[in-house]
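Below is the structure I would like to discuss, written out as structure tokens.
Just so it is clear, A, B, C and D label the chains in written order, and each chain counts residues from 1 on its own.
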Amino acid sequence: MAKIRMVYFAWVRERIGTGEETVEPPASVATVADLVDWLAEISVGHAEAFENRARLRAAVDQEFVPLDTPIGRAQEIAIFPPVTGG
Amino acid sequence: MAKIRMVYFAWVRERIGTGEETVEPPASVATVADLVDWLAEISVGHAEAFENRARLRAAVDQEFVPLDTPIGRAQEIAIFPPVTGG
Amino acid sequence: MIHISVQQSTIDIAAEMTRAEAAGAGAVATFTGLVRADDGVGTLELEHYPGATEAALLKVAEGAVERWGLSAAIIVHRVGPMQPGERIVFVAATAAHRGAALEACAYLIDRLKTDAPFWKRETRGVTASWVEARDVDHAAAERWDRPEA
Amino acid sequence: MIHISVQQSTIDIAAEMTRAEAAGAGAVATFTGLVRADDGVGTLELEHYPGATEAALLKVAEGAVERWGLSAAIIVHRVGPMQPGERIVFVAATAAHRGAALEACAYLIDRLKTDAPFWKRETRGVTASWVEARDVDHAAAERWDRPEA
């Protein structure tokens, strides 16, 4: 599988300890949810950030998507809490 | 009956030819509608201004009221078209 | 805080916003009515009923403050002659949350349209005519009287 | 006319109103969100997703322009640190008539609240915490998807 640029925001970013990283998940990682499961194994920070999947939102190549969305040939995937602007 | 200060606005004022006049209607004039009927006899301008009663609105002592409102001891009565501000 | 003004001078939005925001709450909704620049009107003239106008606007503002618990309600209305593009009216509602501010703002302008003694006269070319009241304005104002509103 | 801005600098209401009014139509409705000065927040910090934010705001504005035939839609949102009383967000909708302007303004702020990638962090005393999303915001945004809306 190709490299994916991961971007994180708000408390997801804080728990992981970085706002951005490049990852190369195995071919078995098909959806954003699979990716989150796989990333949660990388470090304690990732595990903490992804603890409660119901509180996570995602964007694939800057389009907001549900977590069960296939990754396809995504270049940038963002994981973040529900938005609170305005 | 006591004297009443009449005030007119917009095309009612223009047709009557004045924005303000003092009148002394007879005791038989009980409501604003009676007053309009009585005033319509005063001049051609008044008759034209009050031609179509459905297009007239009134205020008694600066309170908006229906035309069938009793005059009572009113000091100032206004007759004008439906409002068009804002 | 209630601020009512019936004025000849132009409406200063920045000053009015500062007033609306001074209340310290989180949400300000405003409505501004302009002389349309795109339908051939040369001059618009606003006549009003001095004294009764201010009282009517105050009543509209008080109604909004009470109904939505506003921290500020502002109504500024121009009178006299004005040109296309100029502001005729500005209303603002300040509340803790946006739902109350937005609803109260709509209420202020809807009620003002039917409850305040202003009359508009338009000049198009050499012809001056009084603007006719619109039934749709009464429908808009009356929706606030319905129990479900 | 659509104008979108995600900016560090303070929001200049007078300049934005001039932009909204330049379209020449008759009605401008606005909503301004402020950092509340009355609930103990010392600093509010806004984080966002550069690139995706602007695209999301543009989509919200385009939706409003199409649905209500607006002549102007403006969304200005601050990012970075800000103080109580400062403006966080300003939206404006310009239309020929007030009903369209008022509804479109409510749509702009309702959709922005759920569709644009901003995150607020509040500092109260020495404690910083991320603001939680509110269910009521989703209900407000979703009402625009209902057929009767």
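Convention: a contact is a pair of C-beta atoms (placed from the backbone, for glycine too) under 8 Å apart; a residue touches a chain by one contact, two chains touch by 3 or more.
Chain identities (UniProt): A, B = Molybdopterin synthase sulfur carrier subunit; C, D = Molybdopterin synthase catalytic subunit.
As the structure is a computational prediction, the values presented were derived from the model and not from experiment.
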Mind listing the chains that sit against chain B and also against chain D? C
Centre to centre, by mean C-alpha position, how many angstrom separate chain A and chain D? 26
In angstrom, rounded to a whole number, how far apart do the mean CA points of chain A and chain B lie? 74
Just give me the whole-number Å value for how far the CA centre of chain A lies from that of chain C. 49
Using the touch definition from the top, which residues of chain A touch two or more other chains? 86
Chain D: which residues touch two or more other chains? 33, 109
Provide the full list of chain pairs in touch. A-D, B-C, C-D
Report the residues of chain C in contact with chain D in the complex, numbered from low to high. 13-14, 17, 21, 24-38, 84-85, 87, 96, 98-99, 101-102, 105-106, 109, 140
Taking the touch rule as given, give the residues of chain D at its contact with chain A in the complex, in rising order. 33, 46-49, 51-52, 55-56, 77, 88-89, 109, 112-121, 130-133, 137
Would you tell me which residues of chain B are touching chain C in their complex? 7, 9-11, 13, 59, 62, 64, 78, 80-86
